[in-house]
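Below are two complexes that have subunit A in common, paired first with subunit B and then with subunit C.
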Partner chain A sequence: MPAADADRGDRRSGLGLQQRRALNHAAIFLTIVGLWELGSRMGWLDPLFYPRPSNILRSFWLIYIENGNIWPEIYSTASLVLSGFVAGSVLGVSLGALVGLNGMVRRFVKPYVIVLEATPRIAVAPLLIAALGFGASSKIAIIMLVCFFPPFINTLSGVVNVDEQRLELFRSLGASKLQLMRKLVLPDALPVIMAGERLAMTSALSGALVAEFIQRDQGLGALIMTYTRNLNMASSFACIFTLTILGFLIFRFMEWLDRRIAFWNSEEGLQRVGARRRKRMEGLA
Partner chain B sequence: MNMPTQNSGQADTADQAADAGAKDAVVAARGLSKTFADGTVVALEGASFDIAPGSFVSLVGPSGCGKSTLLRLIAGLIDKSSGHLKVHGKPVDAPRTDVGMMFQRATLLEWRTAIENVLLPTEIKRSLTKEDRRNAAELLRMVGLHDFRFSFPTQLSGGMQQRVALARLLQTGADVLLLDEPFGALDEFTRERLNVELMRIVAEVGATTLFVTHNIAEAIFLADQVFVMTPRPGRIASIVEVPFERPRSPSLQTSPEFNEVVAEVRDILGEDH
Partner chain C sequence: MKTFRNMTVVLAMSLPAAGWAQELTTINVINPLPRSTIFYPLIAGEALGYFEEEGVEVNLLPSETSIPYVAFVQNGQADLAILDASETLSAVGAGTGIQVIYEANQRAPEGIAVSADSDVQSIEELAGTTVGLVTDRDRAFLAQALYAVDMSLDDVETVVVGEGGPTLAAAFRDQTVSAISGASSDWLALQANGIDVRMITPEEVMLNPAGSFVISEERMDELRGPVEGFLRAWSKGAYVGELDEEALAEISRQAVPAEWENEEFGQNFLAAAIDVTLPQTEQFGGLQPDVWESLQERLVAIGAMDEVVPVDTFLDDSFVGPANDWSKDEVADELQAWADENM
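And now, the complex of A and B:
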């Protein structure tokens, strides 16, 4: 009975489910990396395009520590992503709210939104560069463009789709337009808006890379272009994995922000905010 | 039992009747009608009635009989097409603070704790005081949720959510309470318990209550008067007086006298029921 054997084996090793899972993942990961290294050494993989993991590791050491030349590029890309994201999504949310709340404007704007939504935003990047010239402004404009639509669309639909009975409740309480906005429509739309923001943040990184690929002056995108042109694939891979980490951090950050802002969608958030409100109100009463 | 008082389509009679409405009626209607936008759907036709202060009125009937429309007219959420409607002697032309409404769904704001939800009506009127918070906590105690005042709606059961909504309704300070199938989405046991509590609470605060339901037994059990309504066009077919003493216990519903009233209402509604 293999199942019973396994069971006994686990008990002897004294490992919890979590640790066993972690071990499994580590084993699989190391196997893949090992095969890759082996394949590269044995000549099954072209080492020019598939550099050995050990070489990639050395590139990491070079660009992070020995030369340290990746840091300014990470800073450049990250600040670009952040500024473009903030500008684009602030614009998206405010215009979305404005359009959503005004029925006339909404009807007028809708066909354009549909057309623009069907157009891949990134296609406009060269035109933006032509119009604004090389440099930070056109890069930020590209990121703004890709960051604008998800929050815009989500805010629009969020403020339009307010529950009819809740609207009636607010009307029966004699709420003003501003109160309706602040106490019902905006908080109600927040989870949807945040979903848009998360989408925008993910696109922001891609937008930044495209902008840097075209302009090739600074940032991780430019660095990847340079290394690849010099056939330094190991360093290119090191940059790509850097982007993986950056993307992952951004994703976790947005997740964290979402839980903070739309706290009522998670049990953890309800507990946390509930305890805080209890303290505050007991202080007041 | 009163005979139905209908003045449908007789505008001049309705005009005279408007002034003739009982002096002490909290809600008075004469020939009240509502036709929806395209003019083909007559949601309510020629409703005339007087509701005495502190009384409990049930509106019962199948869907499309105009019971929700009547409630929304009294709440000032929709405009009448013709006829007269006064609350506390003043014509209804907009939502007003002496009339409060509760819906089938609790319509709580899920980013607010129970007590913050209860405080919403006051917050909309003015800034909150210590007294308001104490009052809200007291209302939550009245509906049996004092220990849950810092819980969020999603942490509460459906029945508890409706209790919060009831506390919020009472926080408005309105003395005319409009309840649109408030416990309709709850299970039988919870609904029965909440009905009994509702009777106790509205008696305690002395509110005049209009309660919409499609459950005949529930309508009779709760009310002093039952407005029996029929559809196409929506109208009050009859107003049935309920003779039972208060306080009432759920066992009343098994008595022969109670079932006589049920039979009477059923008779008015026709053979579909």
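And now, the complex of A and C:
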């Protein structure tokens, strides 16, 4: 059906585009869940691997409301994710900028970072625990290691790939190093850096899970291991879906943050900030 | 209500420790699982305040790492480790300088199990078949079990089926392996989910110091006071299993609700935990030199150890007396008071 006809149909039914999309998603989701439930009840799906959605729903009630035992674990995992992300990002961006801006540092540091990047983090995790000890510090170090590379690589790439012509222009106008950084390098690199941050934040959740699978004291990873070990697959799935929701929220938050910080990277951001500045100017006048 | 309580706990975790709190010595204990019914002496001792009474708090370091636990005892990150007999003897054989001070589980939680529908009736019938191992560490136990009936690992094929619940359960249910060597917690999960199992473990290997507390020889004097207190509280917690299973179930429900979502599973798990925890010796945690000796002989015979190490070089029973220096009547009264308040 042509788009115009679809729009006319929406208007006739009184539904906006957003509502129609939401309804479509809900319909797809309910169909999948319905088929899953049917498949489980008819014995087409192995209950050991695919518990019934109705049982998963019951588990959600148990772990969130009746027992409430998931809340401390969510808090623990979320705190780890946040701490590891901040530590990894700060290190990645600072080192990326340093390596990008200084050719000498780049020559010496970059090969080591690339070698480290090629090392599977999951293999390093037990060694980190042995070196830093049990507890939050080694878990944060694991997440930090996971979060470090995207901001590092993107910052490095953003700083190195500044538009040559604009750089020449700034130099010919006698811009100082600080002005070059503030007015050219940073604005040019920030959208790329933010893309790295988005990637880092979503990877942080995986890092936290790896850390919690190894150090099983607390967190959603430890809870999933307990449920899986006990073959309580419905609760295990409830925890996994919680992680999915958490990951989705984190991703949307990072998108929002990206639009706020690197607003010049999108038409909508430019319009929003432009309108705000116009308002402020009008107030001053 | 429980949600509110948990959220309060979360808030409390983010606040600095109250200045008036009693100064407690932290005992770091490394073991495979977080707080669990299988280690009920800990959760019972905590619920009844025994560890706090002794001035210790327990920091569990549950981990699934490729680095042997004994390394963490050696480097001081862990004050105590719960090791199974094979791990202990490997560490002793390697001259790591550890001492066994308390046998927490005197009956092996490990075993060899077959599906209830299986034709296999005894371990001898495993010859020429493929036996599953929950983890590679279960190989040593299987070797001992086979040795007990004059067989060896050469008589069977082995494959690690993994401790991930569903994979293990599928291997069991579909009988892709003839038997599985693993721990009681693995069978319980299967049984609670309607997969019946039958144990074919030879009686000779059942009496096996399956979980013992070990300590670094070098740090023994430094840690003696708090470790004695820890073991005393542990022993009192263990005694609760003998006193009142219902009260213990309630303690466990409150401490580890994740293990009680299926009541049948929780009850079975608790019964198995009590079975492997209550002592075979007169005292809680008593050391059994003769059992360690015969175990070593089996391990030497199957090639897991080079030679028998004299037991007096790694068994130190000086902690067992202080660990049992308490009154059973007092524990019974305290448990009753807890039950009156909480049940």
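By our rule, the second predicted complex is superposed on the first by the 253 of 285 C-alpha atoms of A that agree within 3 Å, B and C clash if a C-alpha of one lies under 4 Å from a C-alpha of the other, contacts with A are read in each partner's own complex, and residues count from 1 in each chain.
Keep in mind that, in the parts below, contacts are C-beta pairs under 8 Å (C-beta built on N, C-alpha and C of every residue); 3 or more make two chains touch, one makes a residue touch a chain.
What you see is a predicted model, and the numbers here were worked out from it, not measured in a lab.
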Which of subunit B and subunit C A:233 touches, first, second, both or neither | second
Looking at the overlay, does A:171 come into contact with subunit B only (first), subunit C only (second), both, or neither?
-> first
Which of the two partners, first being subunit B and second being subunit C, lies in contact with A:255: first, second, both, or neither?
-> neither
In the superposed arrangement, does A:130 touch subunit B (first), subunit C (second), both or neither?
-> second
Of the two partners subunit B and subunit C, indicate the one touching more residues belonging to subunit A.
-> C
Check the residue A:117 against both partner chains and state whether it touches subunit B (first), subunit C (second), both, or neither.
-> neither
After superposition on the shared chain, which partner residues are touched by A:64: those of subunit B (first), subunit C (second), both, or neither?
-> second
So which positions on subunit A get touched by both subunit B and subunit C?
-> none
Residue numbers on subunit B that touch subunit A, as the complex places them | 72, 75-77, 95-97, 99-101, 103-105, 107, 109-111, 113, 115-116, 120-121, 123-125, 130, 133-134, 137, 150-152, 154-155, 172
Mind pulling up the subunit A residues that touch subunit B in the complex?
-> 163, 165-166, 168-175, 179, 183-184, 187-188, 190, 263-264, 270, 273-274, 277-278, 281, 284-285
Would you mind writing out the residues of subunit C in touch with subunit A in their complex?
-> 2-7, 9-10, 13, 28, 30, 32-34, 36, 60-67, 71-72, 75, 77-78, 163-166, 169-170, 173, 185-186, 189-190, 192-193, 257-259, 261-262, 265, 269
Contact residues on subunit A for subunit C in the complex?
-> 46, 48-49, 59, 62-69, 71-72, 75, 126-127, 129-130, 133-134, 213-218, 222-223, 225-233, 235
